[in-house]
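Note that the chains are named A, B, C and D in the order they appear, and that numbering of residues resets to 1 at the start of each chain.
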């Protein structure tokens, strides 16, 4: 299991408070640690950030990534379209993708769901309760019902996404909003999970239950079969005596 | 547009407080009035209750019903299985069905979704906020975002239903729960809408916005084409020169 | 992995030709053998037939079954409603269910999907080609594209089912029909797979690729977590200091 | 009802045989005529082609289009990304979009479904039978079962698309392939229909049944409510006494 945690790393690298209080080495560092602690030696967890060449997501890195986590907030529009296309291709070929928090309007998420990902929001330090809506889903295994997050930004419906395969979590906020906070999609061979809890201003990623959800999601999104994108393929006329499966293109 | 509002009529017929304070003539009477006021002379609204012969839902009544509303709470298990089968057949043939509040575990709902309809609940007079999750859905047209219900029983996730076609509404409650409070399904030719707001102990069905939702839902669930259940049909070998559509069985 | 192969065993027990030519010990025996050969010693495969007490599906048997396969054709209406309810409950609690061929109108399938399962059919010994529509689905792993079945009964659209989670296979027939021949659903904790190839008149279940599909489907449908039906549960008011998950009812 | 029929117009404008035999004035002209004949004076049908400035799809044209039809084959990669973004935005805001034949790998379709749209194909003049899989869907109203197309290019599964809302049509081909030939999606406020029958080499768009399907689809995809894209919106803290709906951005 090869995991890459990607972070825009904007707030932290600029030394913004309170981001650097909670995430002095960057949100990606805290998430990577949480995954390593839970997935153990079977997982190889690395990080990448936006300021690196090719945003740290070269073809080689993606080729060696089973599941990519994506955290971003302020600089979605500055993400290189070639890198976005590479991520989308990798998902089609089987790579898992976890979109975190403000990534609801990131370029890769929009490109994969085909919707705007728009939602309503306000930031007043509300209490968020994360309820399990699909108790049989592997991402919900062992997760408390609800997870209690004492201070968190508010996201609210309508959340402009296509009907998800599964609504795993639904959150309420002390101010009254409700939100589908954990939803899954498939595109090509790849599994996609959007999970809203987590913000640069609050220590959400330090909560053990949040780490548990992310580790469950990495396990769930890990491809279990051959990787590779199917391209539109010319096929021979059907001949019952010699029918076989056209081979897939090797994954990027 | 021919509408039948069905009510178990248990709490009201026994004179229970506070049910009879809010619904002295029965919940069905208040709902029927709300629909008549909104749908106007194009709609013919009648009521039926459980204590009537065949629960008021004879084959003749269902054959003249385009949309059936179903309110029930305490006596689900006493509903005649033959009437349930008749309702299910009518939905398959194109009749719309609106399931209200405790009807989440009614026999017709369970038979049509194939799940238990189980959920979590408590009754402490919470404030419910009903948020629109699908603003483009006809059932949400003109509905405030959110609807505010001052006093209401709490329903919570997990709600054991198959993935719905649309999650139209999601509610939060002042005690912190969240719930998919308006969801749609199709079965055969029929459209199904489950809507949780509404309880015998609170005057929810007197709220204008709730009446608006129900009227929108009746319009949406009204069949727009031929009625009739498709049965497993033997077909002739395909003959390109004379291919045609097998006729449907006439609706019940 | 504990598997039970259930068979109506009508044609075979009456000695009907050609059923007894292909399936002298019953279709269930051939399917059980195919599964044992593929799943190996990790699987315990047993069979049950309609003429046994409780159709061979006592609460004890179902409690020890991870995946149930259901083959039936002529006597759907004679299946005991109590046994049907028991099967449905077991699926809700996590048991996998594979419905085979004419089981498209069996009582358990109808009860779980909420539709009629009706389709069009004719029996002229057509060639069926079974194409993979979801190549990333575990049930399609290693399956030829297409599977070629030389002689088979024809099933055709429209197939009256709710929108499935996945269309794994789509078949064409030499006479021109097309049909969604492998579709999946979830209900409660249970996974459901309907697969149409297979008939008492043809040796379809002797084909290695068909055995491969069934073995893949058994693996896919095996519950990976706790068993148990969630019932509508009263919950205490939310108390952030002591929130926890209500326990599930033990599975049947 | 304002309809725009867009055509790449590559084969026809180059005078290629047999395209110009069947479509001397372009495929768009034949489709526009078929729609006008069926939709009558309530519809205003115009055409646009790729070689026009902005491909004939200026912001003004899209702002006056309720349903856009898109036919393209050879020059998908040359379509201006700004025009694609404009079409995608218009769909999110409520414009209906019909993708025809080779548009399965067009930029707008890929951008809206998030998948590759890949499929298998060969061109040998097969007979295609188009079967109705969802007889209650408005697009299937009055359509023969099956439509018989004597000569047509073959498309085959797997078709790399997300699970559609509805599979309206499934085709078989005389050579044995099967294909989901009519599928629907929603994105934002917009309705999307992909329909594969139709090719520059065959007179498919002259068949009355094909025109009927397209006219049904235009009626179905016409937006019935307000147009406008929801953007991520900051909301005020919830105040029960003054809750209201944030206004939508005006449609493009």
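Observations
Simple rule for what comes next: a contact is a pair of C-beta atoms (placed from the backbone, for glycine too) under 8 Å apart; a residue touches a chain by one contact, two chains touch by 3 or more.
Quick caveat, the model's predicted, so the values are computed rather than measured.
Of the chain pairs B-C, A-C or C-D, the one whose interface repeats that of A-D, sharing more than half of its contact pairs by residue number, is B-C.
Comparing the chain pairs B-C and A-B, the larger number of C-beta pairs in contact belongs to B-C.
Between the CA-based centres of subunit A and subunit B the separation comes to 37 Å, rounded to the whole angstrom. Taking each chain's centre as the average of its CA atoms, subunit B and subunit C sit 31 Å apart.
Those residues of subunit B in touch with two or more other chains are numbered 127, 129, 132, 135, 146, 156, 158, 163, 165, 176-177, 186, 188, 230, 238, 246.
Listed in rising order, the residues of subunit A touching subunit B in the complex are 127, 129, 131-135, 146, 156-159, 163-167, 170-174, 176-180. Partner subunit C is touched in their complex by these residues of subunit B: 88, 92, 104-105, 111-122, 124, 156, 158, 160, 162-163, 165, 175-177, 185-188, 229-238, 246. By the touch rule above, subunit C contacts subunit A in their complex via residues 94, 127, 129, 132, 135-136, 138, 141, 144-146, 148, 150, 165, 186, 188-189, 224-225, 230, 238, 240, 243-246, 248.
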